[in-house]
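Next, two complexes with chain A in common: one pairs it with chain B, the other with chain C.
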Partner chain A sequence: MDYFFFIDFLQSLTDGLLFGTTYALIGIGFTLIFGVMRKLNLAYGAAALAGTYIGLAAFLSFDAPPTLVFLLSALGSGVIGILVYYCCFRFTPADYPMASLLASVGMLLFIEEVVIHASHGMPFPYPSVFRDATIELGDIWIRGDLLFVFGICVVAMAVLFWLLYRTPLGLATRAVSQQPRAAALCGIDPTRVNLLTFGITGILGGIAGAMTAAAVGVLSPIIAMGLTVKGLIAVVIGGLGSIPGAIIGGLLVGAAENIFLLLRGVTERDIYVMLLLFLFLVLRPGGLFGSTAGRD
Partner chain B sequence: MDFYFGLLQIFGVHTLLGLSAYVVLLTGQVTMAQAGFYAIGAYSAGAATAMFGLHILPAVILAGLVTAGIACIVGFPALRVKGLMLVVATLAFGEMVRLFFFNLTWQVERGGEMVGPNGAEGFRAIRYFPENGWEVWHVTVFIWIVVAVIMAALWWMDHSRAGAVLRAVGHDETAAQSVGLNLTAVKVGAMTLGGFIAGVGGGIYAHTVTHIEHGVFGVLLATFAIAYPILGGLGSVFGTVIAVLFIQGFLIEGLRFVGDWRSLLFGALIVVAMNLRPHGLLGEHAPNLRRIFGREKTEREALNTKEAK
Partner chain C sequence: MLALDNLSKHFGGVRAVDAVDLTFREGEIFGLIGPNGSGKSTTVNLITGLYTPTTGTVMLDGHDLTQMAQHERTAMGVARTFQNIRLFGNLSVAQNLWVAQNGRTQRREHFMSRWFKAGGEHGPEIEDLLRFSRLHTKRDLPASALSFGEMRRLEMARALASNPRIVLLDEPAAGASLEDGQLLAERIRDIRERGVTVLLIEHMMELVMGISDRIAVLNFGRKIAEGTPAEVQANRDVRAAYLGSKHEDEELIHA
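Presenting the complex of A and B:
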């Protein structure tokens, strides 16, 4: 193995790990919703995409500064997350998971089509910060915008952890996810917790969508599918229902994606990332941090 | 007239797609892999006729068998996990198949030109029907014979022990396991059968459109596959057919005047239908012909009256 290959490899690995935080955020979103509702929200990636487009609309219409664009993306996605809850989860029967699952797939297609209609399917430039800044560590360059993405995602996770473990709201959320009936008996309204969880995960998704768009530099509707599938793979690798698992899984997916990009090229890279998923399904179906919950 | 025959062909291949998901859904598993199986069937049947000059019938059956084999292999790791994880695994599998065909270039020379899958361009010139002088109505009749055979087989299966076993697993896995059913065998079996039907459907689809490319076999098609049986109801095979007629006939063809906005309707329809009728149009139980026509009391009613006395 020659030196340049080694450097390329390390460079890919670093970029991948930095970018993997966006997958980790999406993975946390899936995991949180699964935790409180025992259901999969497949419309999540699409909600993140739609929120990002709301931020983009502000950027295009009155040339909003990047901070405002990111903020609007996150909030917009949060609102759409709540909308998804009301459309797909609130009124579908709780004991028949197929209904809410199919409804969320329908929502995924619906949101994606709305976005494609509104944007005429064209990619748009998305604002970013620190695009020209790089930090050089020996022969490895760290892109400033990726570092920014990484930083924002880490901050979002820290805020989430504070919310979950230091506030009454977080206590209620964790109670519902551990034992919904007991939580309801203690006076916690599960509907309210579910609603808030969808709002919070929506905001996380919006941040992930905005950061993905910022790192790529353009926003196009195709990122919804990528976010959905990669986020789900991150969750499966980490173990469904585990937040640390989702973070590790996200970083792993990001790193693997970039390394396969280097080794096999852009058209084949996703095949190998998905093979990774099957490897985990065969060897460790519960995921890295899987509890018994992973098997249901 | 050809337009309506073409429409019937679309109904036929989509019915096969829906039926392939129907079998798996009976066991309570939601699979997003049907589009991937459909793609495998389409490419292998296309390869068999266009590249190696097989007759359409063995080619389609071959495509079904190949797909069934792959479905069986995929079924084992995927079905080790239950329910929601299976959705993830099959979703990833479907995308993986699509990307595989996106990258696949394998051409052979036949009659002076190169035929075969060519990466992103897709697989052109699967011209078995026009080359052999089949007219449009021949093809339509052929498709609906296949559909009828598969529907009859599934109807029969539904009313035999096998159908009861599938439904038992679908309704309550623990109960099914405790009466001695091998869950893995049942689920992998259903997946294999679903794979066979999807392969046959995909093989026929490839020949009706003559040009296939990876983009067709995306998440939208996978959603169509599970949406037909769930929207129609898992009670019997007719739910799937009715849903296909409604979605393809009314929503996609009938509402052509709405223009582009039509594509929004499919997603919205699913969301609305799942809120209002989560168990599908025909419900969970097979429609009872005798009850519909009111000729005789059904067994349950007879039993009730006996108890009442």
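Presenting the complex of A and C:
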């Protein structure tokens, strides 16, 4: 194999894996909500985008520093996540998933329209950090901004793991997702756990949205569809309901996307990512870590 | 303490529970028996809040539970175990207890200390329950790794972890051998020693007759008898329900 091609390949793979952590975060969000409610929230990517725009608004109106922009993006998305819960999930029938699914599709379109309307459909510059820094590992360059994106996403995952595995809140969340009936009889209010899950996954989504925009340096409404579709693919590959699956799936989507970009160019890239999805759906529909065992 | 008044649950035309009145007294072991499909499980589900009754009320010490959600009833002091075990399989033994203990305390504590305080699975109350269920050597194993009997013991301990006033045991002897039944009887008495009223739903007649202070019999959703074990055993309707009317009476008495 041609040495330069080999280096290009490794470079694409590295960039893809670093950026794939944003897809992993979105995938975790889909998976967590599905875990506690057994329902898909298709408005999740759009809510993440809307939150990111809240951060952008602060950036544009009073030139907020990047840290504050990122923070507002994450928190804004958390608040919107809770609104989505109240609009699409809280009052729809619990045993009829189609109702909340369609409500969340409506919400996805609604949020997108609002964002496009407010931003006139124009892309805006979004703050990005360590843009000019690079770490050179031989012939492979690690971009500073991507490394930052990767670092923030990994920290977000670490905090999530601490929440889920070390705190009563996480324990309650896991209890509800394993045995909803027994959890209610242990005194856990399922509504409250659902609400907190939507808030926390909203924050994760906002971090993913902010980091996506930070990696590109630009925020545009198209990002919503990208986050939604790539996040869902990550979850299908990893297995819906599995957090490690969502992480592996996200990294895989990120890597595949960049490698196909190198091999086939930007116009064909997504076709091959969809083919990957197709292959998983045919050959391993449950995903890599898929399992719904141990539940009613 | 716990009183069911004119309690009914109809599923379409089926009267699963039909105008049942029952009163459980503080500190007693109350046996609820009846043939399959007689409405025992439906009654339990009405008490714990899975179903809303068609008619009637569930009162606990003067508080009306009838319209409360399941987790609110748990906070009021109603706990249960399940006939088909429902543990949190991926959580450790100690964490299963901690979840129930935490669910009970969540109303009293501040938000941050309630949801973000780590390490609660080592509290003294949890150690006590681990000893009670003889699972202290397995405290860090996932609940799904336990044997069947251990799972039953853990479920019982989990019900106690929510600090209930009354605990509903739904067929705790199902799948157990006769010797296990002896140990089970001791454990149920232990629960009563802790000041918790016990409602025992069970098929194993020897167990129910041996430890219950009072017994009620359901058949086709209706209460057909209530009284001490001896009174219930002597009741004609009960024999008819269990054995068929022309059957000899010996079996129930000696079973």
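By our rule, the second predicted complex is superposed on the first by the 291 of 296 C-alpha atoms of A that agree within 3 Å, B and C clash if a C-alpha of one lies under 4 Å from a C-alpha of the other, contacts with A are read in each partner's own complex, and residues count from 1 in each chain.
Keep in mind that, in the parts below, a residue touches a chain if its C-beta (ideal position, glycine included) is under 8 Å from a C-beta of that chain, and two chains touch if they have at least 3 such contacts.
Everything quoted here is computed from the prediction, not taken from an experiment.
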item	value
Which superposed partner A:Phe62 touches (first chain B, second chain C, both, neither)	neither
First (chain B), second (chain C), both or neither touched by A:Ala99	first
Which superposed partner A:Arg181 touches (first chain B, second chain C, both, neither)	second
Partner chain(s) touched by A:Thr167 [first = chain B, second = chain C, both, neither]	second
Partner chain(s) touched by A:Glu113 [first = chain B, second = chain C, both, neither]	first
Broader residue contact with chain A after superposition on the shared chain, chain B or chain C	B
Touched partner set for A:Phe4, first chain B, second chain C, both or neither	neither
Chain C-contacting residues of chain A that also contact chain B	294, 296
Residue ranges of chain A in contact with chain C within the complex	163, 166-169, 171-172, 174-175, 178-179, 181-190, 196, 294, 296
Parts of chain B lying in touch with chain A, wherever the complex brings them together	25, 28, 30, 77-78, 80-85, 87-89, 91-93, 95-96, 99-100, 102-103, 218-220, 223, 226-227, 230, 260-261, 263-264, 266-271, 274-275, 278-279
For the chain A and chain B complex, residues of the former touching the latter	34, 39-40, 42, 87-88, 91-93, 96-103, 105-114, 117, 225, 228-229, 232-233, 235-236, 240, 267-268, 270-271, 274-275, 277-278, 281-282, 285, 294-296
In the complex with chain A, residue positions of chain C that touch it	48, 50, 69-72, 74-75, 79-80, 82, 86-91, 95, 98-100, 102-104, 106, 114-120, 144, 158, 161-162
